[in-house]
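Both complexes below contain chain A, partnered by chain B and then by chain C.
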Partner chain A sequence: MSTLKYKVAAGPEGYLPPAAASCGIVLPEKGEALIEGAIVPEEEAMLEIVKKLQNASNPVFFPGPLLLWDWKEGVREKAKEVKEFADLMDARIIPMPDYRPKYPMINPEIEINPNHPNLTIWHNQIDVCVFIGVHCHYANVALKIVRGGTDCYTIALCAEMGHEDAMISLRDVGLQKIKALKEIAVKLKKGGQG
Partner chain B sequence: MIKQQEVTPDILFSSEEKQDMFITGSEAVKEAVKRANVDIAISYPITPQSESMHLVGDLYAQGYIDEYLRGENELAVMSEVAGASMGGVRVFTATGGPGTLRAFEMFSTWSGARLPIVCAFLTRGLNSPLTIQPDNLEMAHVLDTGMLMLHAENAQDLYDMLLRAFIVAEMPDVHIPIGVFADGFFVTHTRDKIQVDSEDIKLPKYNPYNSPVPAIDMENVPVRLMRDPFVMKSNFISYAAHASWQQEVLAAVERSRRYLNKYLGGLTEVTHEGAEIMVLASGTAVSQSREAIEQARNEGIDAGLIKLKCLRPFPVEEINNALKTAKAVVIPEFNRVGWLFREVKAALQKEIHVIGAPRVFGGMTMPVELILDEIRRCHNV
Partner chain C sequence: MSKRIFKMCPEFEDIMPDEYKELVEKGPYGKGYGVSDLGNFKELIEEHPLCAGCGLALALRLVIASLPVPEETIVVGSTGCSSLLFPQVALHNIHSIFGNQNAVATGLKRAMQLRFPDKEKDVVVIAGDGATADIGLDMVMQSWFRRERLTTIMLDNEAYANTGGQESGMSVEKKVLNMAPTGKKFPKICLPEVAREAGCDYVATVSSANSRRIEKVVRQAVLTAREVGPSYVQIFSPCPTNYKFKSHESVAMAKAREKDGTYSMVEYVSDNARSFLEGLKEEAKHAKRN
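Up next is the complex of A and B:
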């Protein structure tokens, strides 16, 4: 493991970049978040997420199965909030409905697959994206491939502990945090400071 | 069966209500599994082996485990264990020696599929002529499977490590298999005084819905028996996906450090920090090393001990810190290849005299004098 501080910046980083966790990046504790590999207070990351989305030319949300399927209490409400947040940010939604490799290939216009995420990003010229509701293993695999091969800025809104390979990562994201992000977005749109 | 109450891991691990027992390592396995809220245990009770899985079978008969079955061989057992874990239940098994190698294909499959299986490896000799005696050569083979690896010094370690292994392995950001290794016969077949937790408490149930991969059930469509088989497609992007997948398993190993530090009190344990000559050991070699160091110190030699509790992730930083001022390190091992010596050599960040000796194998015991001789030789250089 390198002792130099590794920065999780937008790519393309190279042929086969390492996983950020193997370069000394650690996941945040409760109340904290990650911005480009550095631990920051959660509020700072939330403000940065909204700014990144607001300034993007083609922001896209990638909702995964944990948000797309009504599999437990509260998911429907959370999905509704996420949709409203995406609308507020003028972001498109391209779903990640499942994790199967698609043969002969996926249609990058309408879906994203964790094993070929760069195809969707290249095809749609996405400059900022948000992963939400994707099982952590698949999110990590996809985020690393995106960072390796594209210049897309990645944001992960994770219901568990977060993702080192996203440029901005929030943890424990439930209904209340999506609402808080919406509130920040509304304030910024009105010219406030979040 | 005693009625058990589920408590949080922190409560169970910090419980002061302990009971003394004079038991074998195999019985310590049973005591740990009894408190681990295991859903299913699967065994191939090869004879001769340790009696661990027989005793776990007794737990099933008593009602502590929901399901228990025997596979037709070790590969079958480890495959069935994978299926159970993919189904989202807490599963336990044990193996050792030739059984480990017969099952070997599955260990990388477990980690690649992100299955938090806990397996006790009660090590014994591998090669012909057949031996049932202690030798931990099989650990060299497991080092690069993507599993977490703990190495118990004695029955107390085995009990403590097994219980904690379930919780570390099941963390959503870790979620990979964990092997708890103990040197067979020395630990499994001999009695030791250990402290166990109250019988009426147990770990909370495993929650598969926090898993980083979907559990197989009818609520998670589409049901998939395999994690995505990239082998079916030959192009750069499939290769890159597979490579990233492997990197993610390594990342999960790295993430386990914070939990292992919390629940094991560190990946290493250092005695006489800053000593001129350090002995670095894992498993039962630690006990002999401890005795050798005390004798060396009585002779006026400045010797210390680094006990490795964890081999994956490998405690690179901890070892380098512990050897900062040492002029030599002695590494005794119960195998002929010296896998721990190789690991340490690769991890060292400064020039230091590394002695890959003594090594005993094939069931031989390790007299304290052999370690003491190496310490004396280093001292006299």
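Up next is the complex of A and C:
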């Protein structure tokens, strides 16, 4: 095995890219995040997330079922913050309402499916995307497919431990972290450094 | 599961695809719809990749419309034609390795009882004849011996249909199929009787042409499994592709086999299940009077 540190860079890495975890990328501890496979303080990652979205030509948020459906206390508040954050970043929102591999195929203009997320990214020419509210096992599948077949830069805002296969992965993302991201975005828009 | 899961966050309602809005507004969750309401609500399965005229697709459509509480039901499937359809269904479902379905369902049911002790979660196994009567018979029968509170539904198309047409234990004797050119050498397995002897409290066979009976037996089977013990439903689902008849003849084929007695319709109900089901009928009558 190569001793060179594997970099989780935007693809296309080719059909069946290796899982980043199998290339030595490990999930960060609390207070940390991943940028292209490297563990960094989460503040650094949050600033980078906002910069990536700000500089993107077509940024898109992909909210998953955990955020789209009002299934428990607190979800609606988080959904409101995420919507405001996306609006602040001039990002479009394309939903991932569930994980069914639909027949004959999804409409890539208006939805994304974890089993073939590349279709939505190709169709809409998305250069930076944010996965949020997607169950981890399906986020892992989708992020790997995106890295394998597209040149889209992926950001995972995960409520759990994060995702090695995202180019930027932030963990424990709840209401407060979304608010913090919004604050950074406002500051950067005003010309500050976040 | 809370019915709140079928409520959208208002912030995202405008971007949700229409089919999800329809599922929320016109779907069957929490409304107690049945087969007689088909056409008046948004069904949990609307498109599928199965062959034209597939009796199994028809049976599944009717089974799904007959589930007493779809929002509290989890379906466990197995390899076969039905597994091509299940990913499209707007219902919790798990695909298991070929033949393992009743073992997976056992674990799931027990986990659900621990996780939701105050709720009834119906675990329904839906698999083909190959998965139920051949490859998975060990797991199926062991779950019956253990008296697991599961409903096992076999969609019996009398062949391994999506692998080219091999004979299954449920194919009839002497039947010639694509991959059984000399004809089957032994009789169809009498699984309803095996189920009865293995401890199922409710056993019924039905054909995909008989929608009313499907509704009745599926509901009785699920309710029996919830309160009394294991149940088994066997649905004759003719396969036009492997049995070489025209796709529009599927329902007629099912009716003909029922009429000529080559597919016998039986119902075995244990004393406990009978008394439970009669109690339910009395309750329903009482509720109607008041």
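One rule holds for everything that comes next: the second predicted complex is superposed on the first by the 191 of 194 C-alpha atoms of A that agree within 3 Å, B and C clash if a C-alpha of one lies under 4 Å from a C-alpha of the other, contacts with A are read in each partner's own complex, and residues count from 1 in each chain.
In this section, a contact is a pair of C-beta atoms (placed from the backbone, for glycine too) under 8 Å apart; a residue touches a chain by one contact, two chains touch by 3 or more.
Note that the structure is predicted; figures quoted are calculated from it, not measured.
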#### Entry: Partners on chain A (chain B, chain C) - clash or fit
clash
### Message
Is A:E44 touching anything from chain B or chain C once the two structures are fitted on A? First, second, both or neither.
### Response
neither
### Task
On the superposed three-chain arrangement, identify whether chain B or chain C touches more chain A residues.
B
### Message
Touch test for A:E13: chain B only (first), chain C only (second), both, or neither?
### Response
neither
### Query
So, A:I110: does it touch chain B (first), chain C (second), both, or neither?
second
### Message
Touch test for A:S22: chain B only (first), chain C only (second), both, or neither?
### Response
first
### Query
Of the partners chain B and chain C, which touch A:P95 in the superposed model: first, second, both, neither?
second
### Task
Could you say whether A:E32 touches chain B, chain C, both of them, or neither, answering first, second, both or neither?
neither
### Query
When the two structures are overlaid on chain A, which partner does A:N118 contact: first (chain B), second (chain C), both, or neither?
first
### Message
Just checking: does A:A79 make contact with chain B only, chain C only, both, or neither of them? Give me first, second, both or neither.
### Response
second
### Task
Based on the superposed arrangement, let me know which partner A:Y138 touches: chain B (first), chain C (second), both, or neither?
first
### Task
After superposing the two complexes, find the one stretch in chain B that runs into chain C, choosing from 81-89, 135-143, 153-161 or 369-377.
81-89
### Query
Both chain B and chain C contact which residues of chain A?
69, 71-72, 98, 100-101, 103
### Query
Contact residues on chain C for chain A in the complex?
2, 4-12, 15-17, 20, 47-49, 87-90
### Task
Enumerate the contact residues on chain A facing chain B in the complex.
1, 16, 18-22, 26-27, 65, 69, 71-72, 98-101, 103, 114-116, 118-119, 135-138, 140-141, 144-145, 148-149, 160-161, 164
### Summary
Residue positions on chain B within touch of chain A in the complex are 114, 172-173, 175, 209-214, 219-222, 224, 228-230, 232-233, 237-238, 240-241, 243-245, 247-248, 250-252, 254-255, 258, 316
### Task
Under the touch definition given earlier, write down the residues of chain A that touch chain C in their complex.
63, 67-72, 75-76, 79-80, 82-83, 93-95, 97-98, 100-104, 107, 110-111
